[in-house]
Structure formats: structure tokens, C-alpha cells
Amino acid sequence: MPSSATAGGFLLVLAIVLPAAGVLFSLVLGGRHAERIALGLMPAGLTVAWAIGATVWRTHSALKYYVGNWDPPLGIAFRADGLSAAMMMASSLLICGIGLFARGQFSTRPGAEQRAPLVFWVLLLSIWGALNAVFVGSDLFNLYVALELLTFAAVPLVSLDGRAETLSAALRYLLFALFGSILYLLGAVLLYGAYGTLDTVLLSGRIRPEPIAWAAVALMTTGLLAKAALYPFHLWLPPAHAGAPAPASAILSGLVVKAPFFLVVRLWFDVMPRLPEHAAAQLLGALGATAIILGSVVALRQARLKLLIAYSTVAQIGYLFLMFPLAVNPETGQPWTTAAWTGGILQAVSHAFAKAAMFMAAGLIAEALGHDRIAGLAGIGRALPITVFAFGLGGMSLMGLPPSGGFVAKAMLLTAAVAAGQWWWAVVVLAGGLLAGGYIFLVLARALADASEPLPLLSTITPGRQAVVIALALGAVLLGFVPLRPLELLQIGRPDIAAIEGLK
Amino acid sequence: MAFDIVLVLLVIGVAVWTIAARDTFAAVIGFVALGLLLTLVWVRLAAPDVALTESALGSGLTGGLLLGASARLACSEATASDEEPGAILQLIAAVLCALMSAGLVALVLLLPQPAPTLAPQAVANIAATGLGNPVTAVLMAYRAIDTLLEVVVLLLALVGIWSLAPDRVWGGLPGPRRHADPNGLLTFIAQLLVPIGILVGIYIFWVGSVAPGGEFQGATILAAMWVLASMAGLVDAPSVSGRRLRLMLAVGPAVFFAIGLTGFATAGAFLAYPEAHAKALILTIEVPLTLSIAATLALLVAGPPERASGR
Amino acid sequence: MTETALYGLCAAGLVGLGLFGLIVQPHPLRKILAFNLIGSGVFLLFGVVARRGAAAGLGGDPVPQALVITGLVVAFAATALAVALLLRLFQETGRTTLRSDG
Amino acid sequence: MSLAFNLLTVLAIVAGALFFLAGTVGLLRFPDPLSRLHALTKADNLGLGFIVVGLLLHGEGLLAASKLICVWLLTLLAGATVTQLIAHAARPSGAQE
């Protein structure tokens, strides 16, 4: 029996077991207790995620855990390197924020068990467990099951209020997600057929640049792009994320879409560091660029606030994939030391915070006004000042204005583009920022215009919920104070980290 | 070899029929037939466990589910067919898919000749699990976390389906109420077949640790028997928010988690079984797991709650 | 042309047919059917890989066979969720087309 | 002795195959659903019976033989009831007693 793992290994298991146990308890104890269980588990999950981050930072090496003492290739390993620790810390913070915000909308009323609160809290915990399983998973089929867990937890959230258009949006989302996961599985079986293992660490050692490896990675990447709603596969995202209730669309746009992106990064940078030659990375970058331009232009023309934010998600996902052509340049050998790697991950995290804050602000505005037509937003700035301010802060991060996390991420992408000599990505980043500025200003101008007659507020918005929205928006801003050089935490645990001398 | 060629031609032929059939009901019939043919293919590929799963779950329950759905959606056929994409698009799609298949065929032929395999390792370590059937050893010991997450996936799919119910019937009963026609034929076959099915299901689950079988196949047969009994009106679906049903659904994964966590103390890792009584532990996991999976599969077929619990 | 390569051919054919059905068929139920076809093709590929890995006295490598069983169960859960969504959509709107204006 | 068994097995399976053929021809040729159902069930059940008899002669032991007979009986049961149900459904709706 090999030694099962590094010291903090059991934390990785806790990160998955805690939410799953919460789901089981909520189901058995019933809807009235689901909220209490979920809120009770949040501090515990937060401490586990940040303990993992601290251990990875302290030991300066990736955490490893062999489930059941079976070492790969037979058994399944969990592995948390700097990247997964950062994503787990960010997602635990975000889920706690969303949980606090959702207490207003999905509070459990006394009396018989209600449908929506039970389903929301159970699915929130499941998404958390699935995200942690994706971030720590190191076996391709185990990651497939984690992705399915995520899909089955996210799809019902879209049609939680049962309206007809959300049902068709949920069905389209499910069909795209299933198409994605079946392609991912097809790639995984080819890799197993060729190399005899599904463990990412072993695969990176055995993989050779041959047609079967390229075909497998191409299929898996296409599948993951379908789940991450990158440009050719983005059709399902806007109606799904706009139709979902506010806390649900916050978690869908903020975190659920990031998990497939995380797996594409894991696939390209960990499983096959030497393989992806330039053309494929350029293609991914081109798809990202198209997503940025197309998403932003369509967002400009939206009449409803939530659809505008959903199309802005399509655009911001494009930024994530700009990282591939810049970070994967064969000359330097270690793609991750360039700023693009840190820029891409920072963009993922800061977009999660900013987008969650904006969706929740839009939810509060829709609750207060009864509609979310942008034309009818006049006067809301005076009625809900904190919410509109939070929306503005989030928009600032999307535009990439200092001092926001979005600025640091886009600045790093810019410097990497210039350093790598691929200036066209710089043009796209700037154009995207400009267009984002366009649609954010569009909304703010309407919101801050003073209404002719006093605004009839349907329901009073408690300051507590607005505080959560402003806290998340400030989170996106605080990320702006990250130093403008490759973040050391994100480099920990890269496959051959020892090869590079000091961090430039 | 000739049998394989005929079988493959049959499978491809029925698959073409499933895609090309104009009427959805006929396509689903083709799909069920395809499932049974695939069961034969799995037997030829020396995978009896998978053959059982494919026939019970792949063509049985899925076929039943799709048959029910195509019957309910029969009247929406007309509206959908006018959106058939144009001939050109169909041609492009056909060429694209043909290329994809050809590429896959080339890749399959490119697979390395001394095929890399984990069979020797699986057999070498099987003594530690105390099981006889290597596939069950992989499912319950080597890759136990996959099976655990997968049962949670099933539970989530059920929660997702239940969340589709309108608020007013929450806590109600899934599926329409079917009244038992005492001298009806369906009641007769249900009364006769259900006991046999339960016996076969428990046998297949029990034999799973040493021979082809296992908790998924056994649970599927038990679920099929419940579906048959409920179709014959002999048994009514339980209330969705009933405590007993919720316990039955959660007991399987809960026991799996609990024993997995005790693995920390007894065998040094999550989901590790001490070698002395590994088989006993695995069996104590499998019994409630089969119960939970059977209940979940049956309720997945039954669908979201439709009737308030009063009537 | 060994027997397993023949079934590899069959798996590729099923995946191609399923993909064609997924793209061409407008009715969501037919798309779900086509998705199950692709699933069967992919799992058949797992079976071919398992059969090629037959060693140590076993008819096939047990690991991919176990993965197929897990995959079949997950595919069934997906089909059940998709069918329930479709039936609910049909109940709400009386039609099953996915063409939404959004 | 085993030659006789082999001969009998071959004969039985050929007879079974013929009955299946007859059933399929019946299915294709007969005009209305009821008679096609009738042909199909009768012929196929008998065909399966012959094939089971043929296999029994080759059966390795009592357990395998009893399993084969169980298969046949269950198929008979399922075939009969499904045919009845389809017949009820396919019957001209007018004669609904």
C-alpha cells in the first residue's frame, strides 16, 4: 500500500464530502432544514478551501491524495496545485456570498415544505461539491462524472421558476451540455485506448505527439467548449442565464461556466505541455476574440438588463481563451511563467466576482421595479443607490478600468500579447474593453437619469442583501491590487516547475 | 467471424432505421431493438456485466421512458416536422458525420498493437478486495469514488426532475393514477412477473460480487418491476416529500459515505477497506445502495409529481 | 480485420449516425434518441478498448467495462431529465420546438 | 450416442429456424394486424421451443437446462400478454365491449 498522500491530502476529500453530505441531509430532513444545513456548511467549506490554499502555499507543492490507497493508474488520485487552490478559495468565497444573498429570495417559510427553497439549497450545495470535484480531480473519467454532477445541478436551476421560456432554455442547455460531455468521453476513451491510463499526471508522461493524441485532445476540447459556451457554442447561454433567478444566474455565470474552462487549461497545460503546436492555440484565441466582439456587440443591442449581462458573459468568456495563444509558446518551453497565464486565471476569478455582483444587482433591480427593461430604469439610481453602485463597480472590472481585477488581468494579457509579438490580441482586448464600457454606460446612464414621476417600488430591498452585492463587487475591485507580475501561488505544482530558475 | 459481421450489419441497419424513421414511436421501437442487439455485441466483446446493464438499463428502462414520452408527444409531431432543415444542410451534415466516422475508424485502427491494459493490475490486487468479479472490484474498490459520485448524480437528476413540478402539487405523487382492473391482463402479468423479477433482481445483485452482475443491474430489474406494478395500478407512487421515501433514497449513498469515512481510521484512506473484512464492508455498502438506486431509477421513470397527495 | 476492429467500425458508425441525427432531427425527443445513439457508440468504443486489453485470464480489461456501466447509468439519468423537461415544456406550451426568441 | 444427440440438435434448431421464418413471413404477408400478431406469436414461440429443445440436448448440466426452460417459459408469458395488449389496442375501436 503506497503512502496515500501528502500531509493535507484528506482536505481534498473533505472538500467533496462536506457538500455531498449536506445534500443528503437536506433531502432527508426536508425543505425546512435545507437552508439551515446549507448556511451551516458554508463556513466549514470556506475553512476547508482556505486550509487547502494555505497548505499549498506553505508546502509550496501540490497536494496529492490516492482515494482508497489505490495509486493510479488503477486507482483515482486527487491533486490540488496552486491553480486549483486559487479557484477553490475564490469559489468558496463566492458561494458564501451567493448563499447569504439568496436567503432573501429562497428563505424557508413556516409550514409545509416548499419546492423552490429545497431545490435551490440542495442544488447550491451540489454545485459546490461538483466544482470542488472538478478542481481537485486528476482522473479524466472522474472529471467526467464531476462535470455531469455540475450539469445536473445547474440545469434545474435555470428553470427553477417554471416559466415556459426558462424550460426551453434549460432543455437547450442540457442538450448542449450532454453533447459536450459525450465528445469529452470520446476523447477520453481514445486516450485510454492509446496510453492505458486516465490519470492526467501519468498521461503527461506517456503522451506522444501522434494523431490519436491530437484527435483525442481536439474532441475533448470541443466538448468542453460546448459546455463553456465559447463562441460557436454560446447559443444556449443567454436565455439560460437570463431566465434563471438572480442567485442562480450569479452562480451559473460566475462559476459553473468556469469549470469546463479550468479543464481545458488542465488538458492543454498539464496533460500535454509539449504537444499543442501554435495553430491550435491560435484557433482557440480566434474563437475567443470572436466571442468578445460578437458578445459585446449583441449585448449593446439588448433591451433587457439580464440578457445584456448574459451576453456580456459570452464576451468575457472569450477573454479567458485569449490566454491559450499567448501562454502556449513553444520557444520559452514554460508557458506558465508568462503574464498571460496569470492574466487568464485572474480574469476567470475577477469575472466570477464581478458577474455575480452584477447579476445579483440586476435581480434586486428587477425585484424592486417588477421588470428589468433597460428603458424603464430611470430613477433607480436614486431608489437603490448601493445596488446601482455595485453594478457600476462590477462593470468597471468588466471594462478593465484600474483599480479592478479585470484591469490587472487585461493588462497582463496586453503585456503578454505585446511581448509575444502577437499584437492582434492586444487590439481585441482593447476593443472588448471599449465595447464593455459601451454597454455598461448604456445601463448606468439610464439608471442615473432622474425619473419624471417618483418610482413605484414594488418591494423594499433589505440593506443586508445590498451589502452582500456591494461586498462581492468590492471583491472584484480588491483583486485589482494583485501585483502586476506572474502570481507565485498560481505557479505552484506545475508539472516541471523545478526546471525554471527563479520566477521572473 | 461471420456472426460478428451479420451482427454489426444488423446494428447499423437498425441504427439507420432509428434515425430515418418518420414517426417517433417507430424510431423508439428501433432504439429498443438496437439496445437488445447491442446486448449481443457486449456478449461477443466478453463483457457480460455490461451486457446485463445495456439490456436492463440501456434498452429496457430508457426504452420504456422514451416510449412513454413519444406516446404523450405524438400530437406535436406535425409542428416539429416543418422545421426539417433543407436538403443542402442535411447533405453537409451527412458528409460531416461520415468524415467524423471515418476519422474514428482510422483512429481505432491506429490504436497501439500491444494494447495497454490494466487487467493484470486489477487481477493482482483483487485479493485485497475479497471480491471475485473484477468489474465489481473496479466499481466498488479501485474506483469507488466514481460509483459514489455517480449515485449522487442519480439523486441530483431526481431532484432536478422533481423541481419541474408546479408549486401547487409539491409533496404530491409522481405520475398519473392508474386504477387496477382486477381481471385485466396487465394486473395478471404484474402479479405473476413481479415476484419472479424481484427474485431475479436480488439474485443478480447478490451474485455480482463473484460473477457477472452487481448492484446496478439488480437495482434496474427491481426498478423495472416497480414500474410494471405501478403501470398495472397495483402500487401507487409514494408522496414526494414523504420522510420514508427520502430515507430510502439517501440511505445508499449515506452508508457509502459513512463506510468510506471510517476507512480513514481503519485503513488509512477515504474509501479504503481493511483487508480482513473488505468483502463484508463492500456487501454492507451494496445492500442499501441497491435499494437506493432501485428507488431512484423507478422515480426517474415515474417523473415529476403531478397529483396532489390528497386524491 | 480482427473481430474487435470490426466492432470499432460499428462504434464509429453509431457515433456518426447519432451525430447526424442530433444535427438534422428538429424534434427534441429525436435529439435525445440520437444522443443515446452517440452514447452507445462511445460506450461500444470503451468495449472495444476493453476487449483489446484482454489479459491475465480475463476476457477484457475490467476498468473500461466498469466505466461503461457508470456511463450507462449517467446517460440514463440524463435521458430521464431531458425527457421530463421536454414533457413539462409540452405541458406548458403545447409545442416542443426549441425555437425560442431569446 | 453423441452423434444421435448432435443430429437431433441440428434437426431441432433447423425446425426452430423454419418456424421463425414462417412467423416472419406471416408478419409481412398477412393483411390486418390481428392475424399478423397471431402468426407472429404462434410461430415464434414454437420456434423458440424447438431451439431450446435443441440446446437442451447440448446443455452442460441441470442448472443450465433449467435456466433455458425458464427463458422459454418467460418468453411465452411475455409474448402472450404483449400480444393480448397490442390486440386490445389495435382492435377496431367500435367493438369496445
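Order as written gives the chain letters A, B, C and D; numbering starts at 1 within each chain.
Methods note: a contact is a pair of C-beta atoms (placed from the backbone, for glycine too) under 8 Å apart; a residue touches a chain by one contact, two chains touch by 3 or more.
From a predicted model like this one, the values you see are computed outputs, not experimental measurements.
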Quick check: more C-beta contact pairs in B-C or B-D? B-C
Rounded to the nearest Å, the gap separating the Cα centres of chain C and chain D is 31
How many angstrom between the C-alpha centroids of chain C and chain B? 12
Euclidean distance of C-alpha centroids - chain A vs chain C, Å: 28
Hey, what residues on chain B touch two or more of the other chains? 104, 108, 111, 115-118, 122, 142-143, 146, 150, 153, 157, 160, 164
Quick check: what residues of chain C touch more than one other chain, meaning two or more? 15, 32, 45, 48-49, 52-53, 63, 67, 70, 74, 77-78, 81, 85-86, 88
Please list each pair of chains that are touching. A-B, A-C, B-C, B-D
What residues on chain C touch chain A, complex-wise? 15, 22, 28, 31-32, 35, 38-39, 42, 45-46, 48-49, 52-53, 63-64, 67, 70-71, 74, 77-78, 81-82, 85-86, 88-89, 92-93, 98, 100, 102
Where on chain B is chain C touching in the complex? 1, 4-5, 8, 11-12, 15-16, 18-19, 24, 27-28, 31, 34-35, 38, 41-42, 44-47, 49-50, 53-54, 57-58, 61-62, 65-66, 69-70, 72-73, 76-77, 79-81, 83-85, 89-90, 93-94, 96-98, 100-102, 104-105, 108-109, 111, 115-120, 122-124, 134-135, 137-139, 142-143, 146-147, 150, 153-154, 157, 160-161, 164, 214, 216, 297, 300-301, 303-304
Taking the touch rule as given, give the residues of chain A at its contact with chain C in the complex, in rising order. 74, 141, 144-145, 148, 151-152, 155-156, 159, 162-165, 167-172, 174-175, 178-179, 182, 185-186, 189-190, 192-193, 196, 238-239, 242-243, 307
In the complex, chain C residues that touch chain B: 3-21, 23-27, 29-30, 32-34, 36-37, 40, 43-45, 47-63, 65-70, 72-81, 83-88, 90, 94-97, 99
In the complex, the residues of chain B that touch chain A are 103-104, 106-108, 110-112, 115-118, 121-122, 125, 141-146, 149-150, 152-153, 155-157, 159-160, 162-167, 170-171, 241, 243, 246-247, 249-250, 253-254, 257, 260-261, 263-264, 267-273
